[in-house]
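Below: a set of structures, written as structure tokens.
Paired with chain B in one complex and with chain C in the other, chain A is shared by the two complexes that follow.
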Partner chain A sequence: MSFLKNILARVGLDTRAPHGSEAGHASFDVIVIGAGHNGLVCASYLAKAGRRVLVVEASEQAGGACQTGVIGGDTRGSRCAHLLRGLDPEVIKNLGLHRYGLKYAARTMPTVALDYDGAHIIFSHNPWQVAESIKPHSASDAERYPEFHKRILQFAEIINHWNGQTPGRLRGLFETGAFEDLSADAKALQQMGARFDVLTAEDKAEFLRLFVSSVGDLLDRSFDTQLLKGALAFDGVLGRAAGPFSPGTALGLLQQWTGEVAGTKPGIALPEGGMGAVIDALTRSVVARRGQVRCSARVAQILVENGRTVGVELASGERIFAPQVVSGTDPKTTLMDLLGREHMETRLATAVDGITQEGVTAKLNLVLDRMPKIRGFDPGQVPSARFIVAPSLDYIEQAFHPSKYGGFSPDPIMEVVFPTLNDASLSDHNEHVMSIIVQYTPFHLKEGWDNHREDFIQSCVDVLGNYMSGLGDHIIGGELLAPVDLEQQFNLRGGHWHHGEPDLAHQAMMRPAPGISQYLGPVKGLYLCSAGCHPGGGILGLAGKNAAERMLKDRVEPLRTVRSAHKAHHGDDEVEAAEADVSYGEAAQ
Partner chain B sequence: MMDKASAKALEELPVSTRPADPLRVLPTPLHMKTSIACQANDWTSWAGYTVPNLCTSLEREMSALTRHAAMADLSPMGKYAVSGDDAARFLDHLLVANIADLNTGDVILTPMCQSNGRVINLVSVARLGATSWWLTCDGRHMNWLYQAAVGFDVTLVDYSDVHAGIMLAGPEVSRVLTAADLGDCTDIVLRGARRISWDGIDITLVHRGVGQVPGLSIWCAGSEAAIVWNRLMDGGADCGLEAVGRMACETLRIESGEPAPGRDFIPDPEALRSDRSRTAIELGFDHLIDEGKGVFNGRAALLEERANGSVLRLAMFSFQGAAPQAGTQLHKKQGRKDIIVGVATSTTSAPHRASARGLGFVVTDHVRPGDVLDVTIEETRELLQVTRKESCMVVEISG
Partner chain C sequence: MDRYDVIIIGAGINGLVSAACLAKAGRSVIVLRAPGNASADYTAGWRGADGFDFPTPASRLENFPRRLVQDLGLEGYGLRPGAMQSPALVSPSHGALVRDVDHNDMVRRLREISSHDADAYTDYISFITRQKRYLNQFVDLNGGAMPERRDLLPLLASAGQDGMWEGAHLAASSMKEVLGRRFQSEALKTLLFATTLGGYFGGMGLGPMAPTSATGLLMDPCSLGEDAQGLGYGPVEGGGAALLVALEKAAMDLGVTFADDTEISEIVHEKGEVKGVALEGGQFIETSTLIGDVDFKVLFLSMFAWKALPHDFVLSVAASRNRALVAQVNFVLDGLPEISGLPEEFLRSGAPLFVMDDLTEVEQAHDAWTLHAIPENPPVEFRFHGTKDGAEDGAGSRNYATAYVYYIPGDLAIGEWSDEHKIRLISTVVNRIVGVSPGFEKSLIDAKLVLPVDYEERFGLVGGHLFGANTALDQTLFNRPNPEMAAGTMPLKGIYFAGPATAEAPFADGLTGLSVAQRILAEPRRGPKTQSLPVQWTRALVNRIRLAS
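Then we have the complex of A and B:
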């Protein structure tokens, strides 16, 4: 772990055990729970606006599901998320992340849909180039592809616009049921629709259809080539407990295509130093704005007095006070465990309880002594690309099936990256990192994960062996992170990519759940900013940014008045004692 | 006399299942008993069960209720046992009243609201022990209780269709209890609740006074209900105890000013138009709302209503002539205009009173206690539909 210490020291993090008096005397305007990328983005925006920010992170290392770490021997890699597919350009610019050290080892990475016979389809941001590689499979699909590409990008642009905004709030439908509120709801929906104006009538209809339809239906309507459909559908189901024919997955495809990296869309990039580099840059940007990030500081409870948030209590028992608290950990944990059921009304609690959060995505990180041969590419000519194993829609559906019943398919779908092709900093001994996202791995494996890890790894290696001969012989180390492991090691509840399944009932103004949206917690002064909020998972930084904007809009009531009111009401001795050695953050504005 | 036989017959009654067919109306566990008492053979259906509407005549039943003692079948009521370490916290969350403040043996009638402050139902809550509670209400809410219990360590048991209930009310109830060997429980006629074993039968006694009339309800397993009924009947033989039907109970309820679901208010989940249901404050339960209690369903909305004032309030009316139909609107002259300022939701022409009574709502801005409002009554007289103008007085406005 010496490496981690190095990173942390480098970016100015304090890994020491919390120092009571030091923390006690600090005064903060905002406490951010969790140093995941969204928490840090939120912190950085708030710090930039002059708020005194403290980020408290449970783990020793910041980053959550976005971090670089040792994956075997002393080879490092992106342990969980491994590709940047749309860290919002505005976030990068506003927070000056390049200035704080974010560099790309590769940008505009192509996607290779692996074909058993080596007739791979290669996706890039140039649709005519893509069409060339489709031609050997089907001339008519090749002809249709550029139009499809253009249309999906156009739709994704609308989604992208929504992603960057706080969605409206459906109070009438989900909270009050009152007529006035229902008409306000209708207006909010209408506003969402305003973006539609750029579409032709035909496209409008198609767009609405995509909202509820499945990626499988969309692709079956568009193409014949199985490999092409499989590869495109992969994006629709990535990170979701859904098959290619599950409703809502067409939207999943659009979401993945919203990403822009360095001006290209859809963009895919590798940060230099692994995904942890994003976190390092974010952390520096927070620290440079006089924010603090404290690791090994798990929040046990969100403190509420007199109906509003006043701070947090750490697992160590230390209490830290601030008039605003924003949580970068998932909404279900935040609300059910940290805030507590008693602070939510029934309707809300059932909605939160109704968030499904059992991930089906695992991460297999392998260390190879050398690059395997990939069918269809000359050795030494393997492109730095994102490789997809998803040969057809049926194949994906079959892979999905067993996961519904607590099993896994011996033929999983996979996304493979070799970051060491571009980034030598990850290995000291010229080893290669093979970073693999695998679906579908149920959170609750019926027979338990303990006895089935080897079978599982073996089936992944076998399937990959179809495309990469002799792969098994090159593996010298690695780790499997099944959803249960992701939960344990990254505090990622259910090991869920999105902090809650982004099905149709949990999108936009219904995200994280119907009746709770707009980054607002149910108690005054409490906010949510994680992937569990709109627009969902992935390293986008948008939930963090939107939440910060929302928080900056709200008037902050200084803590002192609330707390003295509370005392007058309860005559609480304990509060008085706590007050003696704490100075409160006054509102910054 | 026929304890054993009737108990056996009752065992064969399908009391443990809700009607599978919505059109099928079930007998209650007391059906054998009530059908003997229901001399008028006038029945009504209540929550999927038949109960007597009138046993003899309203005059005779009201006289039993107000001068002696009366018994009625409450079996169709919803009945829930709540227990567990979080039971008090859970109920505090679920209900408007301050539940944790209740001591063992205490009873309270409290609204149960949605988050918008609108009432789902009124619930009688009795604390039977440190972590054990008995809830009854006129309606079924297991699904809602179940949802509300998410995240709390509680056990919910629905006794609605397996337990029977008996109402015992009237000035002579204490004497009936003593005669039936329940002399230690006479305190419950005035307040409190208790679970006891009565000669081998577990019964729960809960105070339930209606207006000026003292009384209680007794709950027990359906299979033993007939025995309980007989013991009470035998005990009360010398106290003028009579079985009464729903109509008498309703009359008493309306006169005492207690609103009822489906009659005075639409339980919120059933209201298609959100303004047709009523908030806890509108129903007259403002006094139960405690700002210091923390979050409960409806808290924010009710505090807002308390601060801004309510548009409507529950009111009691006295009618000059016969009682108008439920749902009749009440008017007032304002300048040249005739404006609607209220509605009578349930009415009764109490035979023992000079004037008919009613419950309903008035617009708080326009109506004060003592005001006289106009009522247009439509009725059929000798096969002819006639309309008359009458007046009604606002006797009382809640809160």
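Then we have the complex of A and C:
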């Protein structure tokens, strides 16, 4: 674990002792639960605004699903997420992430849709270039592609605009009365409609239809080429427990295409040093703003007194107080386990129960002694790209089916990246990392995962072997992270990429669940900022940013107890003191 | 040369409703019926071996608006709406359960199984009823205009206080989620799902685990109280045929002309306006207003020299999805089968009997369908139609029944439907029924399979989809059958389209006919728009059409 310590030392973290004054004694304005990228983005914005922020992270290493770590021997890689597809440019700018060390090893990576015969379709931000690679498959599809590309980007731009906004609340559904602000809801709705309003009538019609369409139906009415449709549909279903013909997946495609990297849309980038580099930069930005990040500090409970949040209790029993708590872990865990049903209305609790959260995405990280040959590319000429195995809509659909019933298909869909082509810092011995996302991998495997890991890995390698001859011979190490492992190792409930399925019933004002949106928890002073909130998963930083903005708008009612809690910490009657001393002070902003 | 104010092509429910309403308002109307279609269409049924009309899945008329029955005096023409029947489920793993139409009976029945579910059922029904009331904001059952796209946001926003979002959440969810969250009994969940199969949901082309599939619950025929939609008949005595006969008589009395055995050569137009219809025999009928009550793909892709229509319009018509999923096996039996777990009189009532295990099994059937394969265990809906004494040919009495089979693809990935496939499907269905009715096979005299391709051939429905286009949300309301047509954009002045692929149609039978008639009567104020169409997604079809032409 020397490597781990290295990273932590680099960013000025200590894995054991809390930073600054002893927590519990320190007074914080905000406690952030979880040092995933969203938690850190939120923390950094709040710290930038002058709030005293403490981030408490359960694992010994910050990052959540953004991790650089050893994957075999001493070769390192992005253990979970491996590509940046739209870390919000505002977030990068506002928080100065480049200043704090974020660098790209590659920033306009093309996507190669692998073709069995080597006639790959290569996607980039230049649609005419893409069309060239479609030509061998279908001249008419090639001709249609640029217009399709333009239109999807135009629609993605609207989604992008929505992503950066707090969605209006579902009034009337679970009226709590607590945060009643009807005009703000109306305004939010209006704002969400504003971008939409500038569309032509026909585009409006098409956009609204796309909302409820499946990506498969959209593509079937647009193109003929199976490979083209398969590759585009891949984006629609990525990270979702949905097939290409599930309604709502056309929206998935738009969401993936919102990404901008360094001015390029759709942009795909590889951070130098693996995905942990994003976390390093974020952590530095928090620390530089006098925030603190404490690892190995699992929150066991969110403390509530007289109907308001007063702090958290760690698994160690330690209590830390603050008038605002924001959770960067998934909403279901936050509300059901850390807060508790008793603090929610029954209907809200039912709605939270209704969040489906079983991921279907596994990560297979391999170490290779050298680059495999890829059909259609001269040896040594393999581009640094995102490779996709999804040859047709029916192939994806077929891969999806078994996952609904606790099985996996021997022919999965995959996304493959070789980060070492651009980033030598990951291996000390010129080894290559092959980073693979495998879908559809069920969370619960009917026969249990224990005896089926090898079959699973074998089928992935076999399928990839169709495009990369002799791949099996080059593998010298690696790890499989099935959704169960993701849950265990990274506290990712259900191993779910998005902290809750982003199906149509859990989008925008219904995310994470109807009755609880706008980053507000059901108890005063509690907020949510994870991928489980609008606009969902992926490394966007927007949930963190939107939540911070929301929190900065709200009036903070200070805990008069902070000092007494401090005293109480040394006394015998800590709990009582805390209870007795919480009061609703005047607004102090 | 003949001239009529209005020509109607096709004599389905909607065509006849339009005809009657327009004639009542004093317009001269002629209805053109295709050869072999003089009295029977797919609403009427499928003519079987010894002349018995087996109802198609579209022959249940729970959704015919009461208002039309009154306005057109249909009861005077012999229309006898029956009482609502109580369907039942027999699941091999979860047993039998009847869905009493009477709410209190149902709650009492459920109380014996699970008091949790009994309470949940009451809550559920009031929830669905509430949602239907919101739905009424979208659908005017008096045939008024459907809301347009731009009405949507304000409508949703304004309805916020009333819990419209609750409906949005429901519509976005899956059947399995919604039912799973509310109920414990697998049999109840499966039964509540099953009763939606023959309606709007059956047209969607989705499985019970797909997002938005729960929309189908809004059209649950068993909770169609008058309160909810102003509907609420039981099946019509004599089936769909009786409704058509009553409508036809009413139309005739109102002065509508019927021309049988007409074959359309071409719809003639000039300078963007409809001029009339040329028939195969060389006859020409003149009009400035034409209603097509035939499949809209047939109407626009085969009754025009399609090159005459705007290209993008043609493409968007062709792009609409119409993947059929229902087939039927028509049985002639010499006895009435007994169903394990249900009283003897159950089948006699004609109520539907659903044979399926649970929602997972249904989803698996849907999986097979998506890949154009025949499901191993498709959900089956069995209905007994009646008995006929076989005195004439000396045989004993004969019983007629149909098994509607769901998630049967129109075309197979492995090629044409061969006899082997057909026999396999029939035996799958027979085995399913034998599973809940031991000895059923012994009473079998005849079993005939009707596939989507047969519906296509017999009724002129492209793809054999009885709704003309799938009813998934991307083809519902202002997306139905595509955004342009839903907005009233027609390629020619004076042409109207009244088939089941219109925005109104999935909500009530005859509603489109009524709505079109009202639009025509309101002319010129609300004529169809004739603007040219935007370039759509549908370029992919250019080639196909080029090939086809």
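Heads up, the rule we're going with is that the second predicted complex is superposed on the first by the 537 of 589 C-alpha atoms of A that agree within 3 Å, B and C clash if a C-alpha of one lies under 4 Å from a C-alpha of the other, contacts with A are read in each partner's own complex, and residues count from 1 in each chain.
Throughout what follows, contacts are C-beta pairs under 8 Å (C-beta built on N, C-alpha and C of every residue); 3 or more make two chains touch, one makes a residue touch a chain.
Here the structure is a predicted model, which means the values were calculated and not measured.
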First (chain B), second (chain C), both or neither touched by A:404: second
Touching partner for A:147 - first (chain B), second (chain C), both, neither: second
First, second, both or neither for A:488, with chain B first and chain C second: neither
Chain B versus chain C as contact partner of A:346, first or second or both or neither: first
Contacts of A:336 with chain B and chain C, given as first, second, both or neither: first
Touching partner for A:458 - first (chain B), second (chain C), both, neither: neither
Chain B versus chain C as contact partner of A:469, first or second or both or neither: neither
More chain A residues in contact [chain B versus chain C]: C
Those residues of chain A which chain B touches in one complex and chain C touches in the other: 350, 353
In the complex, chain A residues that touch chain C: 140-141, 144, 147-148, 170-173, 185-186, 189, 193, 200, 202-206, 208-210, 212-214, 217-218, 220-224, 242-243, 245-248, 350, 353-354, 356, 394, 397-398, 401, 404-405, 503-505, 507, 509-510, 514
Interface residues, chain C side, partner chain A - complex: 149-150, 152-153, 157, 160-166, 168-169, 172-174, 177, 181, 206, 209-212, 319, 321, 360, 363-364, 367, 370-371, 472-474, 478-479, 483-484, 487, 533-543
Residue numbers on chain A that touch chain B, as the complex places them: 175-179, 307, 336, 341-350, 353, 569-570
Chain A contact footprint on chain B (complex, rising order): 89, 93-94, 114-116, 144, 147-148, 150-152, 273-275, 292, 294-299, 301
